[in-house]
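These are the structures in question, set out in turn.
Presented sequentially are two complexes of chain A, the first with chain B as partner and the second with chain C.
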Partner chain A sequence: MATDDRDAEIDDLIDNLDRDYRFRSGAPTAQRPGSSKTREYEKEQDFAKLVRLWISERTCPDILPYDEQLMNSLTDRLREQVEFIEMATADPEVASQSKLKLLLVESELERIKFLVRGYVRARLHKIDKYYMYLSTDDSDVRQKLSVAEQRFVVRRATQLKRLYDQRFLSNFKSTPKIQRLDDNSPILQMVDQPDLDDVIFIRVLKDIPGEVVINKEDSIELRKGNIYVLPYITIRKFIAAGEVEFV
Partner chain B sequence: MYGDLAMKLAQDARRVQTLESLPAYQVDLVASIVREIRDLNRDFNILLKKQGPDYDPRRHGEASCALFILQLCVQRNKRSLLAYHRLRAKRIEELAWAGVDAASAGEENSGSGNANSSSGAGGTRGSTSLTAGWHPDEDEYFRGFSDVLAELKGEWTDIDLVGPMDPPRDLFIDVRVLKDAGDIQTEYGMISLTRNSQFYVRQADVERLIQQGYLLKMS
Partner chain C sequence: MALPPKQIGTFLPSEISFLAENTKVTIIPRQALDSVDLIGLKLPSMRPMRRVEVPLWVAIILKKQSRCNIVSPAWLSEDNLKKAYEAEASNMTRFSDKLPWEWIEVGELVLESAPDDLSSAPHVIRNLLRDIREIRQAKVRAGLRGLEYTYMQLDHIGAMELNEIRPFVTMTMNELRILQNSVENEEEQAAEGMLPDDVDDGSDMDDTFETREYSAPPRNSSHFDDSVGSRLSRPPAPSYDDDGEDDDDELEMDESYLHTINR
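Let's turn to the complex of A and B:
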């Protein structure tokens, strides 16, 4: 009995550590400088995070907050790798000796690039689709985007507006109402918004106390390890808290 | 009848969806719809003025009904215009994403530009150019949008933003040369890409050429 309890305790400790790592992004380096093992660990964690991020962004109907820190460290590391490859291939002797290693590094590089590209493009796809909605002054919405993405929204909106103006909108100068592109009356919604009621597949990472209300009639209990199909809006806050993940 | 022209435009837009390249821009139709909107709007204002200062929509049912219909027609026309232009703009954006060169697309079109503006909705049939049906403003939009994209790509130079969206399998691939593409420098030396020859090269080195249709990736 006693050993069982201790095992459970240790498991808990490890779980906690893991979770700490996942949520305290970036901080560990400052506290544990230099150790190559933590650096390795971080790299693995970053990779796992990237895969998560890529899956989440592709399945989530809304735009998720941009993970600037992860993206920066990844692009830095990509550059390091490219430099490493260049250095190694520049020296014919080293190149012939470590050909296989280089091939592996390069394959890995292409894979990471693919994931980052997938992530960025998935975001851009949604950003492009909902650019009107994203050009609001609502800071909550805006701060989900990176600086480059915000600039993209503004610039693409200007371009399209200019095309409309040139072709027909400028003819209605006397009636600003007709010129408007963001009418949001209940009869006619001109601004496309992410559909938060869209259903998605999720996996529960942590038991969630109480029941989650889906609609007037239904509510559901979310148990750890189970997979559910639910409207995004009902589990949005658990996604943000990391208690539930996209599948 | 009001809305007929807009209907025609909507039908044209629907046809666009199934076509490979954009058909000729409907200059005349768009202009007529713009005119119709202005007429409707003028009628609306006249009618509203006629009602005098103490107009109450609830008491003057007849007038408010007429006003409502006029307004609906204006809205519908506007929506058709927006939909038509947005749809075309989307197709133009796709080309920009696919990496069609802004400069060359513009040049191609300047040749058929005269025919385009004079014949208007008549179209420039027989031209194989992708941009033949574009309105000059759409050419400009294409260039503008390409600039926006170029800036975005500059932000992500490390990952080749417009690269392939399939997961990478092999570093090296077999390609066949479809069009002469000159010499390219790779880290394994110079390769000269002459038509119908076949090479085993690094995918990353030739990605752009595959997209532009110079090379064919063999599976």
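Let's turn to the complex of A and C:
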């Protein structure tokens, strides 16, 4: 009995931690009817967020900030779910009883893994492509990457540099100017970077007052439900504010 | 490497369909099932004949095992689809708002997994969906003819329809913008008469639009080489002699693209 109480207490503590963690950004925390309802809601929110992250990262020309918090809580839950499956399948009797349940859990697990993988791969593709641009010391740029991604960028840059040096750049010792890999003169930009003028497909989530100017001459109104194709740069701030989403 | 070329900047049809499987549908369970804790949601407990809402992928699994019936979505009724067709036909410049975002995918998935749960005969629904799809495709085609470099509005387009035109529209609009920019630069320079001396250090005396030629096209065309076909991968070389708007070439691009999407 005593241990049960303590377990419940600890569970409560953990729930609270979790909640504080999530709602730090000012969401109402006053009432909290039996944590299961909020949990359910959070789960669906997290899933929706993951889907949006995947779509955004795949279609945005620039690399977007890595959502560490979400990815951590998702990988935790993935692990829990894998443990659950292992436990359930270990006991053949239980396994036969809850076959359907297992099927549902496994299917969902695969679906989530697919999204997480897709998200990471979409980022990796851009990191690979723009590694030179991303390996700058500009902290705004670097902050968008996770720790692992930052490490990847640095290693890739140094390894490639070494390879090029050894294979051919060392032959140009007399003219150090052409040994550079990051020459950024206006004629020939060697550092490939995301083109923020590239067009993207978006959906407007809420009416935005005023007009948005596109390419100096055209301006459009953004009303809820509108779907547009337009240059990323003109709409970037509304995406960051959550008023417009990638589709 | 990290991403196959066909998935760069766009989605595969199967991925769009995958997303549509998350749509909630109502089912009528045939047997009891305890609630299941999943990662992205908690499945409600089910009792026979008591309607519950679940994601479409769950409904499909249960349906395959004959453990439930899917309540076909209201918009997927013969009646509503007929109305939707009328609405589509009555205005050839806009999409009607009678269909949901994922109408093609959900329609196909329900038709395939639960043809017996539809309110009308499956072939009736299937034909109506096909008619609507065709009439909407005609609108998309007409819209592509007027493609400009600034923006395009596509209210009430479906997820699959959008994804089909995405590679072509993105590539074309990006290329048109580059053409436009170089035309503007050229005009500016013509107006100024010559390049200001303090900008360049002597070795960079080329025109600014030369810059464009070097930096921009390789980046953009590499995006779409594989998705739109080799004919389109190299856009017509920008001609700086005329005003940069070569309508014939644009139309030609439309046609060949449409061959690839209509297969």
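Convention: the second predicted complex is superposed on the first by the 212 of 247 C-alpha atoms of A that agree within 3 Å, B and C clash if a C-alpha of one lies under 4 Å from a C-alpha of the other, contacts with A are read in each partner's own complex, and residues count from 1 in each chain.
In the analysis below, a contact is a pair of C-beta atoms (placed from the backbone, for glycine too) under 8 Å apart; a residue touches a chain by one contact, two chains touch by 3 or more.
Keep in mind that this is a model prediction, so the values were computed, not measured.
By the touch criterion stated above, A:Asp195 is placed in contact with chain C alone, chain B being left untouched.
In the overlay built on the shared chain, the residue A:Asp46 is in contact with chain C alone; chain B does not reach it.
Between chain B and chain C, C touches the greater number of residues of chain A.
Once the two complexes are laid over each other on the shared chain, residue contacts for A:Gln159 go to chain B alone; chain C is not touched. After overlaying the two complexes on the shared chain, residue contacts for A:Ile227 are found with chain C alone; chain B is out of touch. With both structures placed on the common chain, the touch criterion links A:Leu124 to chain B and to chain C. After overlaying the two complexes on the shared chain, residue contacts for A:Arg58 are found with chain C alone; chain B is out of touch. The interface of chain A with chain B overlaps its interface with chain C at residues 78, 103, 107, 111, 114, 118, 121, 124, 188. Interface of chain B with chain A (complex): residues 30, 33-34, 37-38, 41, 74-75, 78-79, 81-82, 85-86, 89, 135, 137-138, 140-141, 144-145, 148, 151-152, 155-156, 158-161, 163-165, 167-168, 171, 187, 203-204. Interface residues of chain C facing chain A in the complex, by the touch rule stated above, are 1-3, 7-11, 15, 18-19, 22, 33-34, 36, 38-43, 57-58, 61, 65, 67, 149-157, 159, 162, 166, 169-170, 173-174, 177, 180, 204, 206, 208, 210-211, 214-216, 219-220. Chain A makes touch with chain B in their complex at residues 75, 78-79, 82, 89, 103, 106-107, 110-111, 113-114, 116-118, 120-121, 124, 148, 151-152, 155-156, 159-160, 162-164, 166-168, 171-172, 175, 178, 181, 188. The touching residues of chain A, when paired with chain C in their complex, are 36, 39-40, 43-44, 46-47, 50-51, 55, 58-59, 61, 74, 77-78, 81, 100-101, 103-105, 107-109, 111-112, 114, 118, 121-122, 124-125, 127-128, 185-189, 192, 195, 197-201, 214-215, 217-218, 220, 225-231, 247.
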